[in-house]
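Following this line, the structures themselves.
The following pair of complexes shares a single chain, chain A, combined with chain B in the former and chain C in the latter.
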Partner chain A sequence: MSLESFLFEALKIIFFPGFVFIFILALFYEWFDRKFYAKLQNRVGPLYAGPLGILQPLADFIKLLSKEDIVPKGVDKVLFTATPLFSLSLSIFATLLLPIFSVKGLLSFEGDLVIAVVLLTFLCIITFFAGVASYNRFSIIGAERSFLQLIGYEIPLMISVISVALNAQSVTISSIVSSQKGLWYILGPNILGFIVFIFAAQAELERIPFDLPEAEQELIAGWNIDYTGRRLAMFRLAKNIELVFLCGLAAALFLGGPLGPVVSGYEPILYTIYFIIKSIFVLAILTIVRALFARLRIDQIVSLSWKYLLPLAIIQFLIVRLMI
Partner chain B sequence: MILGLISWARKRSPWIAHFCTGSCNACDIEILACLTPRYDIERFGAIVRGSIRHADILLVTGPVTRQVRDRLLRIYEQMPEPKYVVAVGTCAISGGVYRNSYNIYPGVDSVIPVTAYISGCPVKPENIINGLSFLLKKIGESE
Partner chain C sequence: MATFDIPIGPQHPALPEPLLLKLEVEGETVVGVDFDVSYMHRGIEKLLETKTYFQGLPLVERICGICNAAHGLCYTLNVEKLYDKEIPPRAQYLRLIVEELSRIHSHLLWLGVAAFEIGFNTMFMYTWRDREYVMDMLEAITGNRVTTEYSQIGGVRRDISPELADKLLKTMNVVEERTKYYIKVALTEPTIAKRTQGVGYLSPEDAKSTCSVGPIIRASGIKFDIRADDPYAAHEEVPFNVITYDSCDVFGRVVVRAQELLECVNMIRYALKNLPSGPFRIKLPMKPNAGEALTRVEAPRGELLHYTLCEGTPKPYRYKVRTPTLANLGALRAMLTSKGRYVVNIGDVPIIYGSIDPCICCTARVQFIDIKKDKTWTWTLDEIRNRSRRMRV
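Right after this comes the complex of A and B.
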């Protein structure tokens, strides 16, 4: 590899569409989520940090970085330090799979859809360990709940993703995206799968109505109760990056990812713009779900998943199976 | 420059925890009113956090009784630095109508250091926002 192409690749990984771009996107998505949520509740939302409060997530992040870092007595020090790092690095790794500026992601290989789904489960397992590491009664309950939730939404999520893969006859994100050149899968037979995916994504992100692991009124802050300063900042950033990842994955699997009408020569820029527009559309749906519903009980979540989401996902699978 | 950035961030993102030391609940309801569409302190970036470990500002309402004193101290010590305490309501400032009672401390500041006082019985939401913006200004100056 020549020096120039090496430098080009390095710039790609560091700036666009690598770490810096993902960081900015994650903060922007959190701002959009909070602002839109506030608008839906007839409030104003963040206003004074930057124009329209757009720098609010950045302010939160910097403030948390500059706060005192407390390691309480009696926590498992190794896990307590390792879990924030793991969750951040895994979620960044997951976003590198997204097809942002072209049909292929920065990392793209045969079968990367499987890796993407596995990473989601890993992130949930890390949440569990983070809760257990602090040996706090609330955090342990929160961690248990996040696992119980996993039992509920994991299988419908997998089946909805599998039906997309079956439709495209491939488990590679780039070929799934390019097989949607004619018709997006949400318009095609996969609308049910999209609905299942939205609910499962909401549960994966632990947002209302599935925010049991950090239910504020019952568990104070749930699994992250004892984390302060830098560690909490990392967890929050990892959650936001996961939000970007899930919105982007939904856009790539169901909405045709970065595809759209292009002017030749400007493909990367246009692709990026289309990708952001589509994933923000998904984010808006997630925010509306968050504003519409109240929190469910844990048994209600599991029965919702097994009684409604799972049959929906199986019907989806059968429809796709019969159509091809 | 980094210090400037940090002080900007601290000023713009005050996370609040709310502790009731035994108030008559009127002050607490007024604090909740600050979160509603009409007053909405999320404009300042304030979120009410459940966990004291995430918070920057402790809002204390009500008179400090002998029983709650130890809990208040413990809560205060669990907060990460830099931390600020705001006494909300006359009871929290001086004991209010319960002053000179045998089991009441004369105000929160006789137990933990207090940065800002917001008076009223119960306090008005406008008053809380005024106190909050005063505190934020003070945070900006002290850095």
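Right after this comes the complex of A and C.
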């Protein structure tokens, strides 16, 4: 590899569509989520930092970084330090798989869809370890709940992703995206799969009605109750990047990813814009779901997933199977 | 299975006020509960003995910010019993109007808090926004949003002008429309139904035996409302229904409170249309007659009880307040420790606790601590009764 192409690749990873771009996107998505949620609730939302409060997530992030770093007595120090780092690095790694500026992601290889789904489960397992590491009554209950929830939503999520893969006859994100040139899969037979994916994503992100692991009124902050300062900042950033990842994955699998009408020569810019518009559409749906419902109870979540989400996902799978 | 304790409170996001709920938990189910409400002793009863009856009113209103109208009303009714004077009917009607307005604001506030306890933040924001209509009207009538001090000994502080009455009637239309919308949401929204139906079960027998009051006992299907049983401010003349519901759970309490909102609106409309003319206040002397008086008022949270013992001086010899939250704590224990079909999950604790509309800071305590011997004990009702008799003789 020549020095020039090496530098080009390095700049791609660091700036666009790598770390810096993902960081900005994550903060922007958090702002959009908060602002839209506030509008739905007849509030103003973030207002002071920057125009329309757009810098508020950044301000929160910096504030958390500058806070005192407390390690309580009795915590498992290794896990307590490692889990925020793992959470952040895994979620950044996951976003590199997203097709943002072309039909291929920055990382693209045969079978990367499998890796993407596995990473989602890993992130949940890290949540569990983070809760157990801070040996607190509330955090242990939160960690336990995040696993119970995983039992509920993971299988429907996998089946809805598998239906898409079956439809495209591939487990590679880039070929799934390029096979949607004619018709997006949401307009194809995968509308049920999209609904299942949205609910599972909501559960994965621990948002209402599935925010059991960190239910404020019950467990104060749940699994992250003992984390302060830098560690909490990392967890929050990881959550936002996961939000970008799930919105982007939904856009790539069901809404044709970055595809759209293009002028030749400007593909990367137009693709990026299409990608952001589509994933923000998914984000808006997630926010509306968050504003519309009350929090469910843990047994209700598991039974809801097995009674409704799983049959829906299986029906979706059968529809796709019969069509091809 | 091993059990472990989870302390909810005294500082907790679900609790607006300091209370310690010591939950004994087996996995996710609650098997035992212990309370501690003694974090906020303010000595109001003692302080009342140092003030004259006329000076005591602002203090009494500060027992509870939300049911301040009920406290003020109960206090004035209680003191007026010592005078043997007829209170003008216009004052009675005006008192009823302000009391029902404060009931509307309290119930709307509770609806929001209950929605917040089950994580339904959108409804919380909406109900609190619409509560502002009522707060504005309270301010227009009494001059203050909370701690209104409207009811005075001998009448009320201000009269309602015809223009203000018109405005109030118009606001009632808005409130009625919004309330109907919330009733629709509460009855049809599936996640609310899932979180409230069959949760916090209180059988009618338990409701009676734990002496619960207010919307709690009415949601267990028992008709118990001081406004109907022991009318105190024009309640004989203003028609209204006592709302009951027989589901005995949190859902029933939501329905009872929501339906009561509509009743309040109708009562205010009737009272405004049939407002008697005449004076709204009479002057009473500083010194009441010697004697004792006991008054019950239906506060938004349930039966509120005030007692005073007067020796013919301008200051009370003893003043005693029993707030509805104290009466409902027994019912709360019964709800949290239900077994079998209605066993309580940790996730249900905030909404069950919220369903009694708790107001810990106004709750009186009966616990004694001997620091020298490091001993705490409580008195039963009978012991208190015996001792009080001895003191009075």
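Of note:
Keep this in mind: the second predicted complex is superposed on the first by the 324 of 324 C-alpha atoms of A that agree within 3 Å, B and C clash if a C-alpha of one lies under 4 Å from a C-alpha of the other, contacts with A are read in each partner's own complex, and residues count from 1 in each chain.
In this section, a contact is a pair of C-beta atoms (placed from the backbone, for glycine too) under 8 Å apart; a residue touches a chain by one contact, two chains touch by 3 or more.
What you see is a predicted model, and the numbers here were worked out from it, not measured in a lab.
The partner that reaches more residues of chain A, of the two candidates chain B and chain C, is B. Legend: residue contacts after superposition of the two complexes on their common chain; A:63 is shown touching chain B, with no touch to chain C.
Of the two partner chains, chain B is the only one that A:55 touches; chain C does not reach it. Within the superposed three-chain model, A:43 lies in touch with chain B and with chain C [touch as defined at top]. Applying the stated contact rule after C-alpha superposition, one finds that A:216 touches each of chain B and chain C.
Shared-chain residue A:15: touches no atom of chain B or chain C. Of the two partner chains, chain C is the only one touched by A:291; chain B is not. When both complexes are overlaid on chain A, the residue A:228 reaches chain B alone and has no touch with chain C. Contacts of A:109 after superposition on the shared chain: neither chain B nor chain C is touched.
Applying the stated contact rule after C-alpha superposition, one finds that A:208 touches chain C and leaves chain B untouched.
On chain A, the patch touched by chain B and the patch touched by chain C overlap at residues 41-43, 216-217, 219-220. Across the complex, chain B meets chain A through its residues 5-6, 8-10, 12-13, 15, 36-37, 40, 42-45, 49-51, 53-54, 56, 78, 80-82. The touching residues of chain A, when paired with chain C in their complex, are 40-43, 137-138, 141, 208-209, 211-212, 215-220, 291-300.
Residues 4-6, 12-14, 28, 115-123, 125-126, 129, 189, 191-192, 194-195, 345-350 of chain C are the ones touching chain A in the complex. By the touch criterion given at the top, residues 34, 38, 41-49, 53, 55-56, 58-63, 66-70, 216-217, 219-221, 224-229, 232 of chain A touch chain B in their complex.
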